[in-house]
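After the structure tokens below, expect a handful of questions from me.
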């Protein structure tokens, strides 16, 4: 009966496009680096102002073993700080997002606290916790939790009352409503905030390491900069950037699972609905 | 015909609660400061580690004229950076949120860029633009634009296709769909991101000022800290926090206008639907 | 086994100046004194003083000039020097040949990159008067330390105020020919405060005199060894911090010896032979520059009672020869 | 047909007792009186239908009964107790299907099982059994095989049927249906009348059905309440005496058609008066 | 009644020409064939109705015609041109009201005026006139005074009526209505039939109406298409010859009832066969 309709093969989305999409960030990155290299050479930018990518790369190669151990330390503190930020961000975000009183009470305080550069607080942390992993993880945490709070709260505050009513009509407890409607509905907000949070966690770790640490990329960078080894400073920056992208890639795969329902318009647009 | 139903007066929401809500952040702030004061005194925390609020307040009073001029400078650079961040955040966010290719291509690059502590880039800026307002505003911008990009993109990516179809069925251009559906729908995301962005813009300005400036709260703080005047450093932090809250208060009033439709559940919960 | 745990914070990132401590650690000089020492890098002398004062560290290695201000403002948290290693400060004015800044007079009308409230900046008015110059005769460009040197290389500043031992070698790193770099120190033009050394809290020293004595003695031994054979200390430094460049650090040590460690007075009298007259005269100048209203008494800032005997503090012959060869 | 709404005193055993309830939405210029002294009583195991013009407050009434919001005046009692918050014994099919978009259709239908006792505590261990039940329910409304689809991949009528399944799965004592068949074609709709009647006769829960279809009301209900235009009052109530099970043929019987016409006339007179 | 769908060749002047169209959703296990060689032709100024069981692809067909998605096979022509993307001449009332929640009801209704020419460029200067038009339209569906309300403050039926207004305000050449009266009670519904017929007779645009109500189809349409269950095919087409304007009394005339029964029988036979 269903005779001439397109087969599986025909409706499959074009492979070429997907390949292009996946390669695109790499292409952009490479083009950027090439432009940077050429610009530096043409305008003869001194090495201590802005080293060329090739110098940075040489530095990366030369110091790869040292960089690896420092990167491991930074990754470690970042992940600890990030993990706590996710937990605290969810908890505070839920509090702020579900209670109007807490919203009004906590928001100004949170804004005030987060307007303050954390660099100023690191020394206090060091006096209490010594230098090293703990202040770095705390700094990462302090920077990263706020975007999560804000977005989780915004997600919860904008849940459609109709969806909540479905659960309320079953006599569900506040907790159940949160678990079954509030949080799932807020996932797009939550995952958006993770993108900001992970970058801030890295920045926090690295900054703290430049202020108080014996290890980590921040330590390496300050060390290099105090010896005027600017290519190594930038090599450190590259490594931090790579760490950020790696962690992002990790949760980007999870994201689609939790927010696919919300981004269905985009998916449909890409796959084409029904047709050739 | 409508005889005994409650009058206006009766259905009006209780005044007391609203007053409590508005006072709550002040109450929390005051309590925090008192606890801090007492803790510092009880544990005899030295002034150069963590001054007491009363010392900070004394410092604020003593230096208020100087602080005011520096605060004006910081506010100025912050607002410039923030304004550009809003514009750029919207533009890039729209690009990333409406095109899947750009999403895939730009996100890793943006994450990479934002994982890098901007402190490391300020020196490069200073060498190009000299010290002062420009690098500070640029730093504020660089820190603040990313959360806006992320949230605007997330907001646009999660627009319900049904709402877009309303516009599409009228033959609306992509631009019109964006203006009439995409952006209004993304307002809750956008305003959430502003809360993060404003704090980051402030942090950016201040950090840049500590690295290379002749004015601004950051300059004042570094100056104070190199003179061991830790109370003045914290006075600077207080002023920055106050600036953050002030700017937040400003756009919080606008926010309700643009996102009230999305937070109607909370409003309803507070006002009570229909009944006493 | 039951060694006293002691932690020690440096003034800055690992560099040649810290070789003596590594030798003392590596050769067990600290252990011999019954100490189990851990060493952390520092983040500027001021920060080091604050950390020691806050009891985050027992010992610190820092510039002594800042003590003056700190102790005046924090009478309950007095910090004192117990050993002076840098007899004179390597702080000074660094520039490149084409800017023609080789004496204080040359600074007039020039743009100077500097860090806010750095000791150099604060003492400049006093230094200027000492040399008969107009304190207002220079224009500052305040930036963060890592930018200071770049500003000169970029041409935005004519000279920079800073540590010659740091900046000169930074410039070499940046590709400037060593002979193209010009510098002089403030000490060379009459401002001679004693410089970096070991600091502790006054009450800590009072309560743990043996610990302090042991620490100072072991440190002096390490310093003497380093002066006798810098190679050894530099090797240990490379082990401790693989990122350093041995050639640069060797050059740095050489410069540090020349400008601040092996001064004629040290060669003649020995390490940390502090003279009250010079101390108090320089301290007066510093106090004036910092705007501190005290009549500095050496006893309040420097306590020589923890030093080992004077013989143990003599400069080794090898070093004397090296200094003479200069 | 009973002449006046107030002449409808709650029998002492009423399971759902809506007693002289009024509801006002909003304040100021957007103040809307949605319900005005409405009273309805449904005995345990009874099947009541509510008909009335668009915007007269039917959906609001349903939300009041399940405790989703409080009435402005009057009281609502369910199973003897005054309703002060959401009920735990009800199943509700809203006027809009409101399926949760992040759950598959099957998971949407199983949602009440995760909330309502005793199912919630048994669900984990007896998952397979419950899934079987949900799938059987899906099949009974003609949605076999659609359990794994996302809600937005269903047509409007299919979503509404899934929503009906969701209101039934946990076998509630009180079933509130707000125009559950509005998006269905006549045949599917009539088929589902039969399904609903069968389930109801087996389990004899209490049902309140809002509908615009008078034939549907007469086919399904024991008693039909007619509401006036906003502000909604109960202007008439009519018992439907036919034996159960009723068949589609019965709907063409003259007595049946008579009741439909009687209701129709009543409503149209009411409209003319307004 | 025309026997077979393929025997319904598009007249050369067809305004809407759905030519042998098939539609497949999804891939793999969720692959659904929604439409299967469906053909419909509506002349300019014609009024076509489409009836068919729930889930047979009626809404999908509407979306294909307005160009919201492309068919998998076959072509769709509107006003002679093949549809490759969203049309600019259509007004559509979706099955769900989909009012934009951030706009007041009035602003929702005025939305098409901000998009569609020539209104878009005239709107700013002639705002008052257009607001008047929107308010008149609101009044005609019984929503006078509700313009300043938020959409979620309207009842289900009121939202649907607002959505109908939105599809009409810009006086489109092609009006696509997907069950526009499903959430309305019989009287409101019948009233709106009259309103729609009047507007249509005045302006003679082309209409495609999806409905589950056969009386509605016969009252309003010139020609009625009957679809099979999924995958949707056109299994019959029926012209409705009655003169205009048709009145509610006409719907009780034997010829009218006959057509309703004829359609009904056709559908029920089709169901039995499936």
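Observations
As written, the chains take the letters A, B, C, D and E, and residue 1 is the first residue of each chain.
In this text, a contact is a pair of C-beta atoms (placed from the backbone, for glycine too) under 8 Å apart; a residue touches a chain by one contact, two chains touch by 3 or more.
Molecules present, by chain and UniProt name: A, B = ABC transporter permease; D, E = ABC transporter ATP-binding protein.
Keep in mind the model is a prediction, meaning the values are calculated, not measured.
Common partners of chain B and chain D, by the touch rule above, are A, E. Per-pair counts of C-beta contacts peak for the chains A-B. Separating the centre of chain A from that of chain D, both taken as means of CA atoms, is a distance of 47 Å.
Chain A and chain B have Cα centroids separated by 18 Å. Among the residues of chain A, those in touch with two or more other chains are 49, 123, 127, 161, 262, 264.
Among the residues of chain D, those in touch with two or more other chains are 25, 60, 96, 152. Residues of chain C in contact with at least two other chains: 50, 54, 146, 150, 154.
Residue ranges on chain E touching chain D, taken from their complex, read 25-26, 29-30, 32, 51-55, 57-60, 95-96, 142, 148-149, 153-158, 161, 179, 182-189, 212-214, 264, 267-268, 271. Residue ranges of chain A in contact with chain C, taken from their complex: 46-49, 63, 66, 123, 126-127, 130-131, 211-212, 214, 219-220, 222-229, 232.
Residue ranges on chain D touching chain A, taken from their complex, read 63, 66, 68, 86-92, 94, 96, 98, 100-103, 111-112, 114-116, 150, 152, 170, 176.
Taken together, the chain A residues at the contact with chain D in this complex read 162-163, 165-172, 176, 180-181, 184-185, 187, 258, 261-262, 264. Residues 12-15, 40-41, 43, 47, 50-51, 54, 56, 145-146, 149-150, 153-154, 166, 169-171, 173-175, 241-245, 248 of chain C are the ones touching chain A in the complex.
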